[in-house]
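Below you'll find a set of structures to go through.
In what comes next, subunit A is part of two complexes: it sits with subunit B in the first one and with subunit C in the second one.
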Partner chain A sequence: MFERLTILAAAMATAASLAVPPASAEDLTIALASEATSIDPHFHNTGNNNQIVFHIFDTLIKQGSSQELEPGLATSWGPIDDTTWEFHLREGVTFHDGSPFTADDVVFTLERAPNVPDSPSSFAGSINSITEVIVVDDYTIQFKTAAAYPLMPNDLSVVRIISRENGEGATTADYNSGAAAIGTGPYKLVEYVPGDRIVLTANDDYWDGRPEWDNVTFRPITSDPARVAALLAGDVDVIASVPTADIAQLADNPDVVLSQGVSNRVIYLHIDSAREVSPMVTAKDGSEIPNPFRDVRVRRAISMAIDRNAIVEQVMEGVAIPAGQLLPDGFFGVSENIEVPTYDPDGARALLEEAGYPDGFAVTIAGPNDRYINDEQIVQAIAQMLARVGIDASVETMPRSVYFGRATGGENGSEFSLMLVGWGSDTGEASSPLRALLATKNPELGWGSTNRGGYSSAEMDAALTEAMQTVDDTRRAELLARACEIAMGDVGLIPTHFQVNTWATRPGLAYIPRTDEYTLAMNVVRSE
Partner chain B sequence: MTTVAEPHGATSAAAPDDAVTQPRVVTPFRRFAEDFAESRVALFGLMLLVGVIIVGVFAPWIAPQNPYDLTDFTERDARLPPGSERLFDAQIFAVSLPGLEAGVPVSIDAAQTVDPANPFVDHLVIDAVLVETADGNEIRLTVETEPPDALDGLDTIQVENLPRGVELTVGEKHAFRNLWTLTRDDLRSFAIALPPGYDRDVGFRLRLTTTATDPSFTYWLGTDAQGRDMLSAMMYGLRTSLGVGVMSGIFALVIGMSLGLTAAYFGGRVETLIMRIVDLQLSFPAILVALMLLAVLGRGVDKVILALIIVQWAYYARTTRSAALVERRKEYMEAAACLALSRWRIIFRHLLPNCLPPVIVVGTVQVAHAIALEATLSFLGIGLPLTKPSLGLLISNGFDYLLAGKYWISVYPGLALLVTIVAINLVGDQLRDVLNPRLQR
Partner chain C sequence: MTVFIIRRLMQSIAVLAVTSLLVFVGVYAIGNPVDILIAPDATELERQAAIARLGLDRPVWEQYWVFLTNLAEGDLGRSFVFNEPALKLILQRLPATLELAFVAMLIAVFIGIPLGLWAGFHPNGVSGRSIMAGSILGFSLPNFWQGLMLIMIFAVMLGWLPAGGRGDQGEFLGIRSSLFSLDGWSHLILPAINLALFKTSLVIRLTRANVREVLPQDYVKFARAKGLRQRRVVMVHVLKNTLIPVVTVLGLELGNVIAFAVVTETIFAWPGIGKLIIDSIFVLDRPIIVAYLMVIVMMFIIINLIVDILYSVLDPRVRLADQRA
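Showing the complex of A and B:
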């Protein structure tokens, strides 16, 4: 159902087959920029955790490197009528403890996944379209929905299947200790030492063949230079999140192989387009003013004032793609009619004047300083660009642990007015960011859950609603593109660029880049 | 105030500054100056310190750029090595080719969309013609520049914002971006290949970057990741660091000394209360207390100063108390008490001046300590705002680029911090020797 996204820029690889054999040929040590907070596959729906539990647990449908759907624990699936999906499960699959995998484990998973206590971000959104689960036999299962629901395969491709036998009554702590962390995945958990390492070992009986590596160790090394140094010193075999500052130099180093790939993550500014008064916007003298961002002309002016090429060329050192919408070209639901907005400071000033702000105003741009590639520098560069069109811009950055809580805010909405955020589409198509970031808040549907700018358009909601019930792929892609066009036309948010991720490996290895940014041992391959 | 008390005379406590103007009399200040000058190293430190202070105080007038004004620098100049000259903006020409008919040539005078300060290409004259070929159509373009030799000064020629599906027949396409890089010869004559059935208008932007640099501004110490002139940023950073160090030092000194004197003079419960608070305060590492305070207070110069005062006052209180305990038992204190002078007059006019020498020594060391602490806090990212970097924040920002060989972003501010702290410590060291009664000849 996806247009295949060709793996863009597979390698800046300085192919170097050195004569030195690796010290331990079958073991792999991978350094990550941030660590998983749990081994519980349903505790926190975030990339850091998902990439680790991906090794231990399988999903019914797997996502390939470009998030194309592939058979996993289900061998085939399809709708049998408008509101029923039928999945045929793989036979002969066993969990790590030897117990067989059956439809009952799927039922158990769907019961547990949305109800994990204290979950910061649950998988409820991927499951709550299912109104009823019918077990036909041990290897056939049906899901009923209230209305036609074409995204069922995408949604289920992120929910990891656990075993009823080991999972009944198990808490998040039981998963972290390893007692309940028993899946069907290619690797088994050996130990999880928070802050230090996660050790996995190969599952010899894996249904898709024994994995390539005997033992895999993940180590969190949060400091960028330290992570690169660990690779250069030979302490680790693979590093994720190579800092852009070091890419040019590493590309010339024969002892390092770089792999780059476009991600599905758009970096954007959420802009408060709803509230009468916005907390971080004032007149230049500090007095309170009505929220200027309610005026679409002001939002457009901000978008025009941002030089996306400069962000990509200078801040990201060329390793990013300027963005005009929510997903890069090639993904499902991307509009062909949206171009990257042109940098036009004169036009921005003219628009501000037309909107009644000839002398600008003052705004604080908020952002995280440890979440996205070069996030802190991007915020500062945007502040410079806004200053050039007469807006007094200041910058407030903070660690993500503080930032995201404040960005989402409490009852009165976000604590910020203009904030740098990113969104990776875990389903690999455009409805994910549209539903989460731009749809009108609707807790029942799970829409607008991260709509921090408060954007609301009846027209866009209607297009999105229709898309979500359209089974025909071509028609749904059109409707999603239409919804994108409406939201981008209203400047519901301001995309700046798509992230391009870089991995580095020692010679003899290569990493197959993934659009979901995950770092998986399964994607580390031998190369000559 | 340069008053320094003689250990044996209460009279000298009020030794007036005008003593300096009387020749031949060896005034306390003169003796102090002579003692201080005995160490060449200390004199060198003093000269350094004076230099650093002058740079800090006059930074807004002598710095080549205002690094706190976001409009004064651009990310275009980011990470330039020391000695680089300012770069020119790329020139961008928007080219649109609407409604071309096959075989009918058109000529366009392309307009610049963003006007750079120093244009090196005045304008571009583009002749375009749509040609029908076997597999889709082609637009053939020839480009003439005005002045004609303008292309020779170009470093890179890039075509961006081409519509989807449309490709250039020459040039190198970027690995993952819609961006083509052409050579100078490519630019003179190239073609755009349109896919079969393509019926939209074609437009693109031509980005020309020159090799020339702007000699009117040189970044002597390079630029940081935002394109700030490092030299200016360091001058302003030094100003902030010194300001924070001295301000917090003065306030902490006033508070700490008052409490120390009070404790020593009154003794008893007052002393116990004050000194136990001091003990409690000193039992925590300074950096830990400052970190906790700033986590609660948030970023800002005022908040950093407040945090440093809270961290430092106890040192002054303890030093003052120990000095005052000794002085309090001396005869001149008894004499003052016999004269029925008021309690406050005795404390602040008699006791205080005689307690000053050790406090001055502690003060200089503490100012250096405060500067280092502020730098540490900024390095950890919780001190001063990002857009107003102090030395610590500059060092921290450059840290990420060290491995890439861009040493100047971190090393120069580090050196400035080092010089400042060493200078203060050299002066403080000599002060300790000079003011130490046991070493007096």
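Showing the complex of A and C:
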């Protein structure tokens, strides 16, 4: 599998380098697996919407295809003292209506983004660290923070800049109608027809050069086979989220080009390592026992009992990468010292015996059945693997509308003991999963907000705290890697694999895969 | 008849009230939509803020009371994920579903009734038997599989028709609809056939059964004895009496086609209300779910009313005022 991915990666690199400037005007139709529900860039922070508004609005700092930070509306940035970041803005940029972009638009964006009425998920978290905004001149802006805050560039790379002139008093409906959907991005909004299509047209005056495609139409086709059929029928040029079951067949089809790339999403088991008694763990006869997952040996035994290669090869049909930590190689803050745990059922049994569970115990593994690629089958496979080391594992899967509420649970914590979840790092660096999934719960700092297993390590917290106060990139990367090593050493959670995403295009096109799983017209290239 | 209609409408208000309460409490019991909608890396404070913004921090009875007071002003609530009025979103997508249902019903009627009549008049012939065998197929094929096969054959293999989507809409008398453009029809025809296959089979079987029932009746024999032409016997004496139960069933089926075209709309990416409701259920978008069911219940009530009135027109023996409906 690694070989195949490498070959594909190489093919992609060639495709990208062969990309030629447009010989003639051309339109593009892209089918997505999900529907964008709004053109308002600040209403709902979710991938479905973010990938669409990515075309219309720019950020100060852009995230490249591997989420590397690149200059966007800001040409350069850096800390000028411990609590001040200074950004230099690009001059000569205009919004789609011709009005100039200045620092005042940034101020307006930061005022509006956390305060959109009725927003189910705002961008407040990316802005909260800023205590004061100082406009030095039209093209220089400073952000004050309460303490040293190294993640400012990462945070601001997801907040899309709107124009004060068009955005003052505008509601979400004004963005959907197009009246306020005026950004600086490579494409302009033509129309948004909920459930049917979103039509964009090239912004001829884009600061980074005119985009490749004249008109781009996005269509939501939620049914997997129907989406594939739409590509085969020639209705659409590009489809996102190719179902793994169809990949082998499509790879042999000369009329289809596949593009694959690893994502920033790790699929893992969260494991209840804190509570005295865990709700879904019992002795094999059904009687209540103390929570065995509090013992690191039991957690490690479970990790060793999981055959990650089998999950990748059998369940994911080769389209995934086995995982031993929170982000794939190459991301900021990833540790080079962490190996993917080897499959060792004998070692797992020995560890269980050492921990006082020679006969195992019974546990129910919970998982969603409509959220991640092949999620239900993964849970079933893991249950069988645990059975092989003597743990009675049963499976409970449910739609995500029920699952995530129960996984988070109420006052007594999660309703589950062992659960399959995924985490995509929007900031593209390791502090995102460390803070959310593994740090000790601390509502003031916003840490541990998704720590459903209750893992808590003073040592890890200390390394993370220091990292979050270290502006120096090299030093911070080391500290984050150190925090990863501590948490993975304690088996605070059990990573299984990184998702690999597949796009399919008609011949003559290719897609440059993005780690954030977004499907962008800018990443569709010609390849002949 | 006026009394009948008034009584019916009063009953429907009670039905609507009960429906809204059941759905409201039901969706509330499934879970908290914020857990699905919020970005996973949001902090606990943001989560609480989002819950408060959507009014989900209040007790369920209070939320329901707010819903009722807004309802009194004709406001069915705002969608959590679209941030637009739920009723507007539904009405925006209703035309797409209506035109699909309309064409599907036309296909069912104009293919089903003639074939059913034929099969009724020739129950033992090869043609009659073939029609009946075909209708069993139409009944038993799973809707989604049948839809995919239509796409594979007509869009992928033959390339005659598009694989999905709604296409361009034409304008006629100020109404925008796919029915008024060639591109619209090319997009409409496959999903309409997919939706119509089951209904057509139903109509065929129903018509045939009724023809078989009507043919031996005295008035048909008398009409023939009187020397009326076959054509007049079929069109007036047989057809009219055959149609009475068919109209009732078709009326109810029309409601079904509009409310439950979910599978067809999903496979053909048809932007109708079926697709809206299924997407909304996935993310527990309660205002849309509640508003949708209210609209659908209202629609069923109206359709039933019309069917009852039509029934009395077709069958003079029925007097609406006599019914305790």
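To be clear about the criterion, the second predicted complex is superposed on the first by the 497 of 528 C-alpha atoms of A that agree within 3 Å, B and C clash if a C-alpha of one lies under 4 Å from a C-alpha of the other, contacts with A are read in each partner's own complex, and residues count from 1 in each chain.
Everything below uses one rule, namely that contacts are C-beta pairs under 8 Å (C-beta built on N, C-alpha and C of every residue); 3 or more make two chains touch, one makes a residue touch a chain.
Computed from a prediction, not measured in an experiment: that's the story for all the values here.
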Does subunit C touch more residues of subunit A than subunit B does, or is it the other way round? C
Could you say whether A:Asp426 touches subunit B, subunit C, both of them, or neither, answering first, second, both or neither? second
Who does A:Ala229 touch here: subunit B (first), subunit C (second), both, or neither? both
Once chain A of both complexes is superposed, is A:Ala124 in touch with subunit B (first), subunit C (second), both, or neither? second
Kindly classify A:Gly330 by the partners it touches after superposition: subunit B alone (first), subunit C alone (second), both, or neither? neither
Under the stated touch criterion, which partner chain does A:Val395 make contact with: subunit B (first), subunit C (second), both, or neither? first
Of the two partner chains, subunit B (first) and subunit C (second), which one does A:Pro100 touch, if any: first, second, both, or neither? neither
Figure out whether A:Ser38 sits in contact with subunit B (first) or subunit C (second), or with both, or with neither. second
Touching subunit B in one complex and subunit C in the other: list those residues of subunit A. 225, 229
Under the stated contact criterion, what part of subunit B meets subunit A in this complex? 69-71, 73-76, 78, 94, 113-114, 160-161, 163-164, 175-177, 205, 207, 225-227, 299, 381, 385-387, 399-406
Under the touch definition given earlier, write down the residues of subunit C that touch subunit A in their complex. 30-47, 49-50, 53-54, 78-84, 89, 92-93, 96, 147-148, 151-152, 155-156, 159, 162-166, 266-269, 271-272, 275-276, 279, 281-284
Help me check something: in the complex, which residues belonging to subunit A touch subunit C? 31, 35, 37-38, 40, 43-46, 116-122, 124-125, 171-173, 176, 193-197, 219-223, 225-226, 229-230, 232-235, 370, 399-402, 404-406, 408, 423-424, 426, 432, 435-436, 443, 446-447, 449-450
Listed in rising order, the residues of subunit A that touch subunit B in the complex are 8-9, 12, 224-225, 228-229, 243, 245-246, 248-249, 260, 262, 309-312, 314-315, 321-322, 329, 336, 339-340, 342-345, 369, 376-377, 379-381, 383-384, 387-388, 393-397, 500
